[in-house]
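Residue numbering begins at 1 within each chain, and the chains themselves are lettered A, B and C in the order written.
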Amino acid sequence: MPTDTAIHTQEFQVNMGPQHPSTHGVFRMVLTMDGERVVDSEPHVGFLHRSMEKMAENRLYIQFLPMADRIDYLSSLFCAAAHCEAVEQLMEIEVPPRAKYLRTMFMELNRIASHCIFFGVFALDLGAVTPFLYGFRERELTMDLLEMTTGQRMTFNYLRFGGVAADLPDSFFPAAEKFLKVFPGRITDYERILNENEIFLARTKGVGVVDGARAVNYGWSGPNLRASGVDFDLRRNMPYEAYGELGYEPVVLTRGDCYDRYLARILEMRASHALIKKCLEGLPDGPTVKEKVPKFPKVPAGEVYARVESPRGDYGLYLVSDGADKPYRYKLRTPSFNNLSMIREMLRGVYLADIVPIFGSLDVILPDVDR
Amino acid sequence: MIIHPVLSWLNEWWKGVVASYGLPSWFVPAAQMVVHAILIAGFIAVLVLFLIWLTRKVSAHIQQRFGPMRVGWHGAVQTVADALKLVQKEDTTPRSCDRPVFNIAPFLAFAPTVVAFVVIPFGDGAIIRDLNIGVLFLFAITTINVIAVISGGWASGSKYSLLGGFRSAAQLVSYEVPLVLSALGVIMLAGSMKMGAIVDAQSGIWFVVYQPLAFAIYVIAATAEVNRTPFDIPEAEQELVAGFNVEYSGMKFAMFFLAEFANMFLVSAIAATLFLGGWRGPWLPGEFWFLIKSFAIVLLLMFFRWTYPRLRVDQLMSFAWKFLLPLAFLNIIITGLIIVLI
Amino acid sequence: MRFGPHMAGLPLEQIADKIKDAVGDVVVDVNEGDRVPFLRVEAGAVARVARFFRDDGELAFDFLMYITAVDFPDEDKLTLVYHYFSYRDEQSLMVKADVPRRGGAARSIAHIYAAADWLEREVYDLFGVTFEGHPNLTRILTPEGFEGHPLLKDFASEDYVPFPDKMPGK
């Protein structure tokens, strides 16, 4: 860069958010720019802080269960699953096998729904408007299945301590068959629209490359981490619910750029589809909820850490109980918080136009960050 | 076939009026100009109304939905409703703006497009002024858009608008060059810059057959000139929240909006004239063929918009300078060689 | 998610001994726990333990899952909890340290585990524990101008009015 020119340039600050079409929630970044390049960025979170952890300390376990759905409303079954698992471990309740399979199947449906939104919104941020509507069309299919069983389209309130709230209605099986038949063709459509598109590749390949070791140091998890080459998935390494019986091979990619993070989620949708098929075929008979589980449980004293693999990553609940019927300390380990903390380092030196794919490829949900 | 005879008849009628009422002789050309102006303005108004409706329907059906359905037959009157809404909106002006430039910029975007329609051949002889330098005039006039965009971005007094204005200026200026060069091939084949002469030279075979490369370059560069995806960075909603026209509202915003659609039709009409044979075609009147061909290109531009993501600014620039420009030169060289040798 | 003796990695006693050799006599308590094993160390040693965890080849604790605190007002202490995980051995381990409720402090480990940057800011914001050496110890979740540390048990959450001068009426 010649420094002896007579032109005097200056860095300036641009505020991105909190209201902005592509920040996926209420998130503010103060960018220091030198022309089109970002010199530094200062992320501000906390706009969606609802003090979930404090509220949990003042509510009965069963009272907090619907609120747990709303911690990350796009993957609400996973948040509720962590809550239920923590309580079940402390109270040493064994979940009947049919309930385990139902939980697994609906969690995978929820994962597909969440990844559909990711696909649509990621393409929308880059300027391709149509995939957004295609993603939502697929999401409607999954939400129909969920609504049939739980009565809700988004925050399901479906899990109970020791099982699930309701069994599958008769209308579920034909609808699920239809979904299973149609869905792989739709994923192929998505891949054909974007995977080989020159412009899409130019915008995402080589952009926002993250090294695996650095990602682990920042506490990354989920598809973001697997796109950087770290082969770890709770569903295979530390199985819970019915994953142990079903078996699961995670999707691991190597380059760690935005394209790989996008591709990891598309391939995960296929893997989830296969899992749902296996669940439906192998669904055991039996009760859907363990009998004689008290509705207002008094959880024995102790502490436990319950972990599930949510669509954003490693969602965990550290529950400390002192024997009362309300939690003593309810610590939520949310994956988006750690995923987002690396944003400052990732944005150093990139173009303004690269911020959007980088941020979008992290698939961060702000309520998950702020709780 | 339709317009020219009607206008000629009108012209004769004016002469008759002048003769019988003893009006001064400059009355005929003056009346002629007024009629032309009204026709063009009316055409553009109806055209833009139709194009906006068409955009919404095409995008809706691509996205598996219906689009406007309630206001009129399949939403045909929707645009009128939207226009009425825009007209009665409050005209907000940011405090830190440069007021005269802020007020002029939308009209500066719209006026050149209207003027450019003067040299577009709508049918056999239906061209307002068949200038000797028709093509040159077109490209020169449409370049005034750059000034409009920069003025809009600068005068808004907001950083986002400024960034949008810069990007747009860089993009428009860069893509002018391949655009003009691709038209050069056609001019060499036709031997003239007159729009009417170019259409006449295509009486045998359309120029798209002789100049496929130039046609492709023209369509791509034209998409960039009218700021449409994949080159719509100046208006990238997801990044700069509508870029250079973020601070405009009401009638001024409507002007920018109108200008974009009118421009889109203008470049499609130019493509139809230069490459697809203009108004030439069997048994339908020329005007119909002209509209059919122009709308075909318009539909092509619309399909681009709803399918592709957008390019990053540096990728856009390198695409123009490192890829389109050498190809355009190559096209000219090959055309020249073929003309000399054959 | 059941943890327990089936996990790979070194047993807890051995880890405690290694810490004693490398860092010093800082381990106060070794507890298999019924579900999550933990070591209780002195508050001043958390940073040295963290560095040891990251760098020691045998241990490979590369993943700091979270940092949090648990408030025990009856015993007048806050327990800081650092939960580590090793991807290689699939071993999970908590390190606990007790600090006083008002004015508690610990060394920051943000330069050892990058995840600790925001995690420590959250503990500072919600509990009031300061981390010495942190690059930017400011509130992260509560709004600007907020006073108090909400997750402490005696934070008067029922009649607390944020920004009282901006409330309408009274």
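We adopt the following convention: a contact is a pair of C-beta atoms (placed from the backbone, for glycine too) under 8 Å apart; a residue touches a chain by one contact, two chains touch by 3 or more.
Fair warning: this is a prediction, and the values are worked out from it, not measured in the lab.
Student: By C-alpha centroids, what is the most central chain here?
Tutor: A
Student: By mean C-alpha position, what chain is farthest away from subunit A?
Tutor: B
Student: Report the inter-centroid distance (CA atoms only) between subunit A and subunit C in whole Å.
Tutor: Once rounded, the distance between the two centres reads 25 Å.
Student: Using CA atom averages as chain centres, what separation in Å is found between subunit A and subunit B?
Tutor: 45
Student: Report the inter-chain centroid distance for subunit B and subunit C in whole angstrom, where each centroid is the mean of the CA atoms.
Tutor: Taking the mean C-alpha position of each chain, the two centres sit 63 Å apart.
Student: Which residues of subunit A are in contact with two or more other chains?
Tutor: none
Student: In the complex formed with subunit B, which residues of subunit A make contact?
Tutor: Where subunit A meets subunit B, its residues are 12, 14, 20-22, 36, 123-130, 133-134, 137, 193-194, 197, 199-200, 202-203, 351-356.
Student: Name, in rising order, each residue of subunit A that touches subunit C in their complex.
Tutor: For subunit A paired with subunit C, touching residues are 45-46, 49, 51, 53-54, 58, 85, 89-90, 213-214, 216-219, 230, 232, 234, 237-238, 240, 302-308, 314, 316, 318, 320, 328-329, 331, 333, 337-338, 340-342, 345, 370-371.
Student: For a test of understanding, state which residues of subunit C touch subunit A in their complex under the given definition.
Tutor: So the residues of subunit C in touch with subunit A come to 1-3, 33-36, 62-66, 68, 70-71, 81, 83, 87, 90, 92, 113-115, 117-119, 122, 126, 139-143, 150-151, 157.
Student: Sort out for me which residues of subunit B touch subunit A in the complex.
Tutor: These residues of subunit B touch subunit A: 59, 62-65, 159-160, 163, 229-230, 232-233, 236-239, 241, 305-315.
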